[in-house]
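Read the structure below first, then the notes.
Read from first to last, the chains carry the letters A, B and C; within each, the first residue is number 1.
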């Protein structure tokens, strides 16, 4: 299955945000769900089919213009499944955030089911003066199940320089993924990358989590645990408290 | 190419500060995740697939083009979210440069480069190939932690070296892979991360009492 | 990077700077061997600041012999007269530094703690890089210093400092370790530039015979000096402080140590 979706948020010129483009194809269907924040727009990804399955080729483009505020959520977890013998399924997200724009990406977790083979490629470019909060949660396998192969390949740039470059691989092909350097006994992982001048005080939240100032203007919050609920208990408040949770006050 | 020179560069007795770093092991020992040789096996396999691959690729790239050190250094910054790990890498890079400059005419690569960049520049100055730099980097990544495990946990040194011998082919494979990619643009070089290493390093850096610098 | 040295090192005489300079072996400091820089692109690594670097004195000795208390006493005795900093190598990162801070003998910015990875002797002898970095960082952040004391972690009788790290070393033992320690020797006792036999006030309590210790030390050390000390009675460690003052004065007058 091939599917593409695209959302373009821009300032409405009145201190608010409007969607210039909002289109998708199953299973990447997008719905505007009303402004959760004054001046901003919230869009939900509503899964139109199970998946991704092997062989799927999904692409999501996100564009946030100057002064716009966009939050992308999803209604349900993605469940990466084996499906028929085929090349790896792939979800490619390309996002840009202009100066004065804000993008928050806070989807439900991806569950890497046994036998899946899935690649998530994320490329985000934030212009100087733009703000980003990018969350990804992963659950390795359904209940009591070992995960299939999953690779996250993430590149976040800020003001023309690479701010955060990260790959994570779990599953049978990823040597040592369940050793004490990578995930150990944990089966749930959440990461939040923020980019832009607005930051929170860094600190180590719990023994299984850390909030880390990046070398450039941004933070990475990482939490691991046996259970996704413990990850959420750390990262949900972090996302809620982050300065990007408020739409920028129009100048 | 000189095998004896490569052995010098990869020798744990090279006075480059490595003995004071457990490369993330002390934090995981304290967290109870590494208690035995089997745990160490999992820890080292994870390191090989992640930080060793990244270090080896950047060491190979720096060996091939020491003048490109600034871009490689920034690339490692972007791959090292933990401030404690950035600090540890730069401290080891500085110490390695100090040793290397006494041994070979090392190119100017800044005062405190990331360790893999320093390693690559040393390898280049010593007349070694990018592939050899990658081997030294991958080998150093696991032997440092293994030595720390012997000291911290009192593991049987023969059992630990038997493990290192079993991991040697994987170490070679990672170095091959790293060297093959070393000509790629910096953003495309390996970026495999290890969340527990990041989290552990951040907590470790706050301890009142610790035996290793990282 | 290399605040080293215009001052002469006995082992490595300052080279003649003939032209072209960078093609000749040239000296960078006691931590490096002479080498050539054949390429113009090669790092000239100019010193961070000119002038002679600080005198570095290592203080080693077994666990509990009173190294940290001696360092504290020396800071009290010399802190007003000399530009002074301390590097500690305790097996626990901050314990010794904290002791010095708690005792208020030195402000925090003049103390660096070095982790040693369970190997305190390695950090002062075989791989001195972390200690050299700490000394250099102190000199670059505080400006020129007269004296840096490098305190080793408590180790055993064989632990000595590398000459690449320090100019002179003091070895501290105490009477409660037994009056046989000088006779046993070991590199610390036999080769240290100054042997300090500490806690003499305890000698009657542990049946240690100071005259035996003095005689054995003399036999082991020949011309090298030995002093007896009781920090309980001499809080300024006068004989050790005087010895260090002598070294600093000799260096100021350009004499080789």
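Side notes on the structure shown:
Simple rule for what comes next: a contact is a pair of C-beta atoms (placed from the backbone, for glycine too) under 8 Å apart; a residue touches a chain by one contact, two chains touch by 3 or more.
Source: prediction; values computed, not measured.
Because contacts link the chains only in sequence, without closing, their graph is best described as a line. A comparison of C-alpha centroids places B closest to the centre of the full protein.
The geometric centre of subunit A is 30 Å away from that of subunit B, both derived from CA atoms.
Per-chain Cα centroids separate subunit B from subunit C by 31 Å. Remark: subunit A and subunit C have CA centroids separated by 54 Å (rounded to whole angstrom). In subunit C, there is no position where the chain touches two or more neighbouring chains simultaneously.
Taken together, the subunit A residues at the contact with subunit B in this complex read 153, 155, 161-169, 174-186, 189, 191, 204, 207-210, 212-216, 220, 222, 224.
Across the complex, subunit C is touched by residues 13-22, 67, 91, 94-95, 98-99, 101-109, 111, 148, 151-152, 207-213 of subunit B. Considering their complex, residues 24, 28, 31, 33-34, 39, 41-51, 74-75, 77-83, 86, 170, 186-187, 190-199, 202-203, 206 of subunit B touch subunit A. The part of subunit C that touches subunit B in the complex is made up of residues 1, 28, 31-33, 35-39, 41-45, 91-95, 114-119, 122-123, 126-130, 132-133.
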